[in-house]
Each structure stands twice: as structure tokens, then as C-alpha cells.
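The structures come next, written out as C-alpha cells.
Across the two complexes that follow, chain A remains constant while its partner is chain B and subsequently chain C.
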Partner chain A sequence: MIWLLLTVPVTLAVGVWLAATFDRLAPALWGARAGGPVAALRDGALLLRRQTVRTEAPDDLNRRLAPVVYLALAAIGLSVVPVTHAAPIESPVGIVIWGSCEALTIIAVFLHGWSPNAPFPLIGAYRYAAIALPVMLPSMFVLIAAALPAESLSVTAIVESQREVWNVVRQPLGLALFLLVGLTLTQRGPFDFADGADIAGGTSAEDSGAGRALWQLARLAMLTAFSAMAAALFLGGPLGPGLPGPVWLWLKTAAIMALTVLLGHGIARTTPGRMLTLLWIVALPVSFLHLAVSGGLALW
Partner chain B sequence: MVNVVVIALILFAVWTGWRVFRVDSMVRASFSLMLSFIAVGGVGVVLSMPYIGVATVFMMAVEMMAMAIFMVAFMMNPAGLNPMMMVHQHKFSVGAGVLAWLGLSTAVLSAELPSAPVTSEQRVVFDLGIELLGPSMLIFETAGVTLLATMVGAVILSSREGRYGHADHGSRPPGLAEGGDPAGRVPDEGGGHHHHHHGGH
Partner chain C sequence: MSLLDRLAGRAPVPVFACIGPGMQAVTEHALLSPRLRRAASPREAAVLLRAGAIPERAAAAFGRVHDQLPHPRAVLRWDGQGDPADVITDAWVDLLNGADSDTDRRSDEPPNPWEGKGDHGQGGEGMMGGVPYGRPMAMTGDDIRDGLQLDAYTATVGPFAPMLPPGLTLEITLQGDVIISTSVTAPPFPQGDEASAPHLCAARLLRLLGLNAAAARVARGSSPRALWTRGAIPAGLGEAAKGEDVRARLSAWLAGQAGPYQAPRIGSMLPGLEWHEAMLVLNSYAPDALHRACAEEEEAA
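Up next, the complex of A and B:
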């Protein structure tokens, strides 16, 4: 029981380092200089040594809370993913707990941009809320569809239902749609409307020092939690021959993480208005179709 | 142990509910209300209602995020950072609040509450499904359609583009000084009753 709980901070710590390293390797894809495995640690240490700058009349409580809440949501989301035959937090409604973490992430990011009382973070906050709220709809359909073959909302039962065939084979659209959700939750690439470079870093434009380091850490922690959840929902989580369960889960998590980082670096970001149209006109009907097909398959 | 957790969660729910009326911004008020609901959801989880409890958390998170945006938009409180008073009609509200509290307390105290402890093995999600799609279907469907109509109405009210052209066509922001030039954007041609000509128009 205790060792199950201990896997959460360990997975988060290793996952954050791995994600940060993937991010620094990605520029090699288009011939730019890539950073090594130590680069991420050095960058983090450098941030911690910088002084903290305060904006004029910020909402201090929310400013401090936002990164902490983001990190906590990543930890809670990760702890409903089964490591072996059980999850650190075993719940009959594990998938709903994950859904709650997704929804609360929007609020953590919004408050992170709202609290400094500065224009760029505020624009990032509103832009992100406008895009992330409609992303929640495909997310819920994908989660419900993944729960259908298992006839249960428990993530452990969903993993167990993939003993014969992985969900990615039964529901390939599900993984594709869930990756959009992951890009939104971690503010990456085409869905980085919160912290984009086009608005000078958005919600973290006024961040500095330890606060900035914690926010970036929380983003990478959320990527780790999302990757582990995607691995459990679509790649059978800890199921696999030969190796022990946790090793399989970590390998699959790393694979999803690499794919998410690749998509984040490889796909351009469109304007918020166009993305909003795409989400409502394309992603929502596609996810509804996905749910209908998955439901039909589960009954058949 | 369960009692202590439930009482702590309820006290937190009441405190954050009270904060809704004491803070000075629609954003803070919305998220205080959300914390209050999350604490109530926690009570549900502790009392062996895991689905309802956790579902309350994600529904309230999405709902209060949308509410914060709409409230800031409709309250003309840019960005929600300008301090504003969250209560009005003080005497009337105090009277209504005390009356409602007395009425609800009387109802709770005088009601015959059922005593049917739920075991943790109970298939609550299954039972909820039967309830939702069985005897209570009409109520839930009515509530659902009403909520949907409200949401569509709110979107239409806040949308700039409409069937008869832009919602702010010809609208004119108040002047910076009495009778002076409007603040911000200059209205379109044929708009407001004054007509200023500017170079480059």
C-alpha cells in the first residue's frame, strides 16, 4: 500500500525530468541544437537562483496557489492510474476523478494568468479558458467511451478489460482525441493559448524565480500524469508479457509522452477564433461519433 | 472519524459560501462558490456516494469557470480585478436570508429523515443510472433542456455577431468628459447621433 503511494512522487520526478529532456531534444528534429540530459536540471537550478519580481497589486493568494494546485492536480490524476493490479488511490470512479482534475486544471491556469494583474497573463488566461472549456466535451466523450468495454468507471477495471485487445485498437479515434486533451492540459503547441510566445509567455509572462520554476515543473508533471492516464486507457497500462507491471506502465507512459512532445513541437498554432470553430464544428461531432461507434462495438 | 471529516467539510463549505459575498470580484466570488461545492462533493464521497461527489467537483469546476467569464462580461467589471460590491439591497437581502434560513432549518428539523446507511459495496452508479432513466427521467430531462436553453441564451446575448448584424453596431461608449468624445473606439458611420469626422476615415 505504502509503496504504491510512493510510486506517485517517483514517477512524477522521473517523468518531469524525462519530459523536460524530450523538450530539449525536440529541436534536433529540424536541425537545431538539442540539449543533453543535464540541460533541464541546469535550467531549473538557474531559475531557482533568480529573484522574484512582484507585479503591481496582484492577487497574492491565487498567484501562489495556482502552481501548487496545478502540481497537486497532476499528482491526484496520476494516483488513480493502476501501477500493477491496483492504483495508489483505488476508486470505483477513478476516471471521474481524472475528469475533475482536467476541469480544475483550467481554473488553475486561469487563476495563474488572472492573479498577477497584468495584461499579457490576463489575455492568456481568457484565451485558455475559451479554448479549454470546449475541449472538455470531447474529453468526457473519450473517457466515457473508454469506460464502455469495461462497464466500469474504475481505471483498474478499464485496464483489465484490455487483457485481450488494447483500447487503441478498438477505439483509435479515442487516443487521437485524448492527445488533443493532453496538449490542452499541458499547454503545448497547437493548444498553448495560455503561455504562448505570441503573447510574451501569456500567463507566465510576469513569473520569475522559484514561482516560474514551479509553474514549469507543474506543466511537466501534468504531462507525466496525462501520459500515464493515456497509457492506462488505451495501451493497457501495466499489462504486458515478461516485464513487471510498473515497468510496462513507465515504458508506455514514456512513449505517449514522446508522442505528445512531438505533436506539441511539430504542429503550428492557429488563431483562437479558428481553433474555437474547429473544436465545436469538427472535434465535438467527431468525438460524439466516436462515442456512438464505441458504444455499438461494446454492445456487439 | 467520518463525522469529523464531514463536519470539517461542511464548515469549509459554509465559510467559502460566506466568502462569496465578502470578496470584491466576480472571479473570486465564482471560485469561492466552487470551493463550497467541492466541499459538499467531498461530503458525498465520505458518505459512500463516490460518483455524485466526484461528479459535483468536475461539473462545478466547468460551470464556475464559465460563470466567472460570463459574470465578468455582464457586470462590466473589466477582467474582474476592479474591486466591486458583491451585495445590494442590504436590508431586503438580510430579511430574505434570515427568513429562508429559518424556513429551511424548520424543514430540516421537523422532517422525518430516512435512516438507510449505504454500504461501500452498494452499486451506487448503477442505482443512479436506474434513477436517472427510470422514475425521475422527466424531471432530469426538463431540467436539462432548461439549462441548455439558458446556455444558448447566454451565448446569444454575449455574441457580437448576430442575424441582424453586429450587436454593437452604432453603439457609442460614454464620453470621457460630459458631452465629449467617446472613450475608446469611434462608432461606425451612420451610428450615434453625433457625427465626428476623422482623418483617414
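Up next, the complex of A and C:
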């Protein structure tokens, strides 16, 4: 039991480093220069050597709380993913816990933009909330669809239901839609409406030093948690021949993580207004259709 | 030197550039160096690069940007000769070794005294509006799109805002992130033909679309590798004449063709657009085309 709980901080720590390294390698595939495995540690060290500036009249409580909440949500989300035959926090409603972590992420990001008391971070915060809320609806349909073949809301049961065939084969559209959710939760590429270049880095525009490092760490931790959850819901999690369960889970997590990072670096971000339309008009009906089809297949 | 310092000393140095007249193209090239990183805001930067001669009218703004850099920080003047990456990296390593951090240029005081008007002394009404201590506060006003009364907020952006051409200073009234009105406080600095080269203009637009890797590639003269580049720009955005929208101007730049000689007036180009749209429209004109538009506007006034 104890060792199961210990996998959470270990997976998060290794995952954060791996995600940061993928982030520095990915530009190579899109034709720009890449950094090596130490590059992320160097950038982190640079931030730790610098002052954390306190802006004029900030919301100090929420300034400190936002990265802690984000990090905690990543840790809680990760802890319902089964490492072997059980999850560190084994719950009959595991994907409901994950779903609430997703929804509360919007609040953490909003507070991160709200707390510095500056215009560009605030614009980023409102933009993110406007985009991330409609992303949550497809996300819930995707989660319910993934639970249907297992007839359970437990993530362990969902993994068990994939012993013969992975969910990615039964519900390929589910994984595609879930990747959009992952890009939103981790504020990446086409869904990084919090931190655009047009608003000078948005919610992070006033971040510096160790405070900035902590927020970036929390983002990468959320990417790790999302990747592990996607691996469990669609790629059978720890199931696999030969190797021990945790190794399979970590390999699949790394694969999803690499894919998410790659998409984040190579797809353009449209304007918030247009994305809002696309989410309500296209993504929501598609996800509902996906749920209907998956439900039909599961019952049949 | 501790392990932390040794690691930090080898990281690409985050640089924020304040770009003077005629220096935009060389600075954008210099920031492509793998040893430097273009900081999104002054808070992210360790070194402030003062590229070229900053005109007197922007001196106060330079001081404000300067004071926003967290300690330890350094300021470097660069005249555009040679690669500044060596000097910048050396300055950062010196700071790690205990060199003195650059002190504040301006006094840490509000730009205005307390105004003493209004219910709460801020010069507005109730708890809204006015400029307490010189900081603009939001005040209700009519929305130009649907008539809802929302909080209008007026602020000055520029002359070193990273999403605007260097020198351009705008007074913008926003409701949420919708631009209600803009007026040009100061035009962009003249930059010469080089900064208006199609590949550099395209790179600026790609960066606004979140495509940093593709932008770096295009700025080096290659074609972009990215998905949904043109499609991400709404069709018809910033349409000057039929079929001449932001998307078409980006396509032309990517094909190596120069854009329009002169931009429309900024005061009539941006109102009604959301901030991201507005920045795309503004950056779909070359710095020189914007400079000409501002010059004409000034003459007319």
C-alpha cells in the first residue's frame, strides 16, 4: 500500500523532467533547434537563482495558492490511475475524482492570472476560463464513454475491461478528443489561451524566479497526470505482456506525453472567439455522437 | 561555484529587447541564437538588451521596463555590430558570480499623487473609474457590439510592448479584451526595409499564433513546418479589400512577396476587434507600412 502511494511523487518527479525534456526536443521535429536532457534542469536552475517579484497590490493568498492547487490536482488525478492491479487511491468512482481535478484546474489557472493585479494576466485568465469551460463538456462525455464497456466508474475496472482490446481501438475518437482536453489542462499550443504571445505571456507575464519555476513545474506535473490517465483509459494502463505493470504504464504515459507535447508545438492557436465557436458547434456535438456510438457498441 | 550556479550559467539567457530605430531586423536575428531566449515579458528576462539609440520620448518607458526585470539583472547596450550572445552570456555568468545587479532607474512611487476626488478618492464614481495614483481603473460604459454595460478600461501600451512594433504607443480602451477605441500616442520607430522583409514579418505573425518553432525557422529563411497555420486565422479578419485579409497577407509573406505599402489608420483598424484579433491585424502590416500610416494620420491632424 505504502509503495503504491510512493509511486505518485516518483512518477510526478520523473514525469516533470521527461515532459520538460520533450518540450525542448519537440521543436527539432518542427524544424527548429532542440535542447538536450540537461537543458530543462539548466532552465530551472536559472529561475531558482532569480528574484520572485511581488507586483503592486497583488492577491497574495491566491498568488501562493494557485500553483499549489494546480500541483495538488495533478497529484490527486495521478493517484487514481492504477499502477498494477490497484491504484494508489483505489476508488469506485475514480474517473469522477479525475473529472473534478480537470474542472478545478480552471480555477487554479484563473487565480494565477487574477492574483498579480495586472491587465495582461487578467485577460489571459478570463480567456482561459472561457475556453476551458466548454472543453470540460466533451471531456465528461469522453470519460463516460470510456467507462461504458467496463460498466464501472473505477479506473481500475476500466483498465480491466481492456484486457482483450484497448479502448483506443474501440473508441479512437475518444483519445483524439481527450488529447484536446490534455492540451487545455496543461495550457499548451492550440489551447494555450492563458499565456499567449499577444498578451506578453498572459497569466505568466508577471511571474519570475522561484514562483515562475513552481508554476511551470505544476503545468508539467499536470501533463504527467493527464498522460497517465489517458494511458489508463485508452491504452490499457499497466496491462501488457512480459514487463511488470508499472513499466508498461510508464512507457504508455511517456508515449501519450510525447504526442501531446508534439501537437502542442506544431499546431497554430486560433483566436479565442473562433475557438469558442469551434468548441460549441463542432467539438460538443462530435463528443456527444461519440458517446452515443460508444454506448451503442457497449450495449450491443 | 555551486551546482545550481553552474547549471544556471549554462542555460540560454532570457533576454528582453528594447529596440530603437533601425534595429528591429538585426535584433530579431540576434535573438535566434541558441544561447539566448526571447523573454515574453520583462519579468522573465535576466538581461535587458538596449538595441540602438532609444529616442528621448521613450526614455521614461525604457526606465519602467528596466525596473520590471527581477534581480539579479544586467543592461547591455548593443549597436547592431557582431553577435551580442557572447556579451550577454558573460554578463549573466558575472551576475551569478556576484557582480552587482543593475539598480532601479526610476523612483518606486506612483506616477500621480492621490487624486482626492470621488467617493474613494480615486477621481471616478463609487468604487470605479478614475486614475488613483495614476493607475487607470475600469468604469462602466456601453459595449459597442451588444449594448451591454461592461467595465471599460483605458491603458497605454508601448513603446516596448513585445506584441507591437517598437516605438508604437497606443492608448487603448478595452472592455474585457474587446478594443473599444485606440489612439496613437507615438508612431513606430522607422526601421528601414530590412525589418519589413517578408520572412521577418511572417515570423512575427507565426509567433502570435503560438508557433515559436515555425517562427524561428521562417526567420532563418526556411519554410514553416506547422499544422493549420493559415486556417487558424479567421477568414475575412482585417479585410482591407475583397480577399485581402490577414490570411492572404500571411500567405503572400510566406511566398516571399512584400505586403501592402501602407497600412490603414490604426485608430480605425482596431476598434471592435478582440485583443488577439487586433494584434494579428496590426502585425499583418510591415513595421514600415504602419509607420507610414501613423505619419499620414499625424499630418492630417
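Miscellaneous remarks
We take it that the second predicted complex is superposed on the first by the 299 of 300 C-alpha atoms of A that agree within 3 Å, B and C clash if a C-alpha of one lies under 4 Å from a C-alpha of the other, contacts with A are read in each partner's own complex, and residues count from 1 in each chain.
Going forward, contacts are C-beta pairs under 8 Å (C-beta built on N, C-alpha and C of every residue); 3 or more make two chains touch, one makes a residue touch a chain.
Nothing here was measured: the structure is a model prediction, and the numbers come from that model.
The partner of chain A that touches more of its residues, comparing chain B with chain C, is C.
In the superposition on chain A, A:R49 contacts chain C only, with no contact to chain B.
In the superposed model, A:A205 makes contact with chain C only, not with chain B. Judged by the touch definition given at the top, the superposed model places A:W114 against chain B, while chain C stays out of reach.
By the touch criterion defined above, A:T271 reaches chain C but does not reach chain B. Contacts of A:Y126 after superposition on the shared chain: both chain B and chain C are touched.
Of the two partner chains placed by the overlay, only chain B lies in contact with A:S91; chain C stays clear of it. According to the touch criterion, the shared surface of chain A, contacted by chain B in one complex and chain C in the other, consists of residues 126. Remark: chain B residues 27-28, 31, 34, 50-51, 54-55, 57-58, 61-62, 64-66, 68-69, 79-81, 124-125 touch chain A in the complex. The touching residues of chain A, counted against chain B in their complex, run 59, 91-93, 96-97, 99-100, 102-104, 106-107, 110-111, 114, 117, 122, 126, 129-130, 133, 136, 153. Contact residues of chain A toward chain C in the complex are 26-27, 30-33, 35, 38-39, 41-46, 48-53, 119-120, 123, 126-127, 189-190, 192, 195-201, 204-209, 212, 265-274. Note for the complex: chain C touches chain A at residues 4-5, 7-8, 10-14, 34, 40-41, 43-44, 46, 68, 70-72, 96, 153, 155, 161-163, 174, 176-177, 206-214, 216-217, 222, 224-229, 231-234, 237, 274-277, 279-280.
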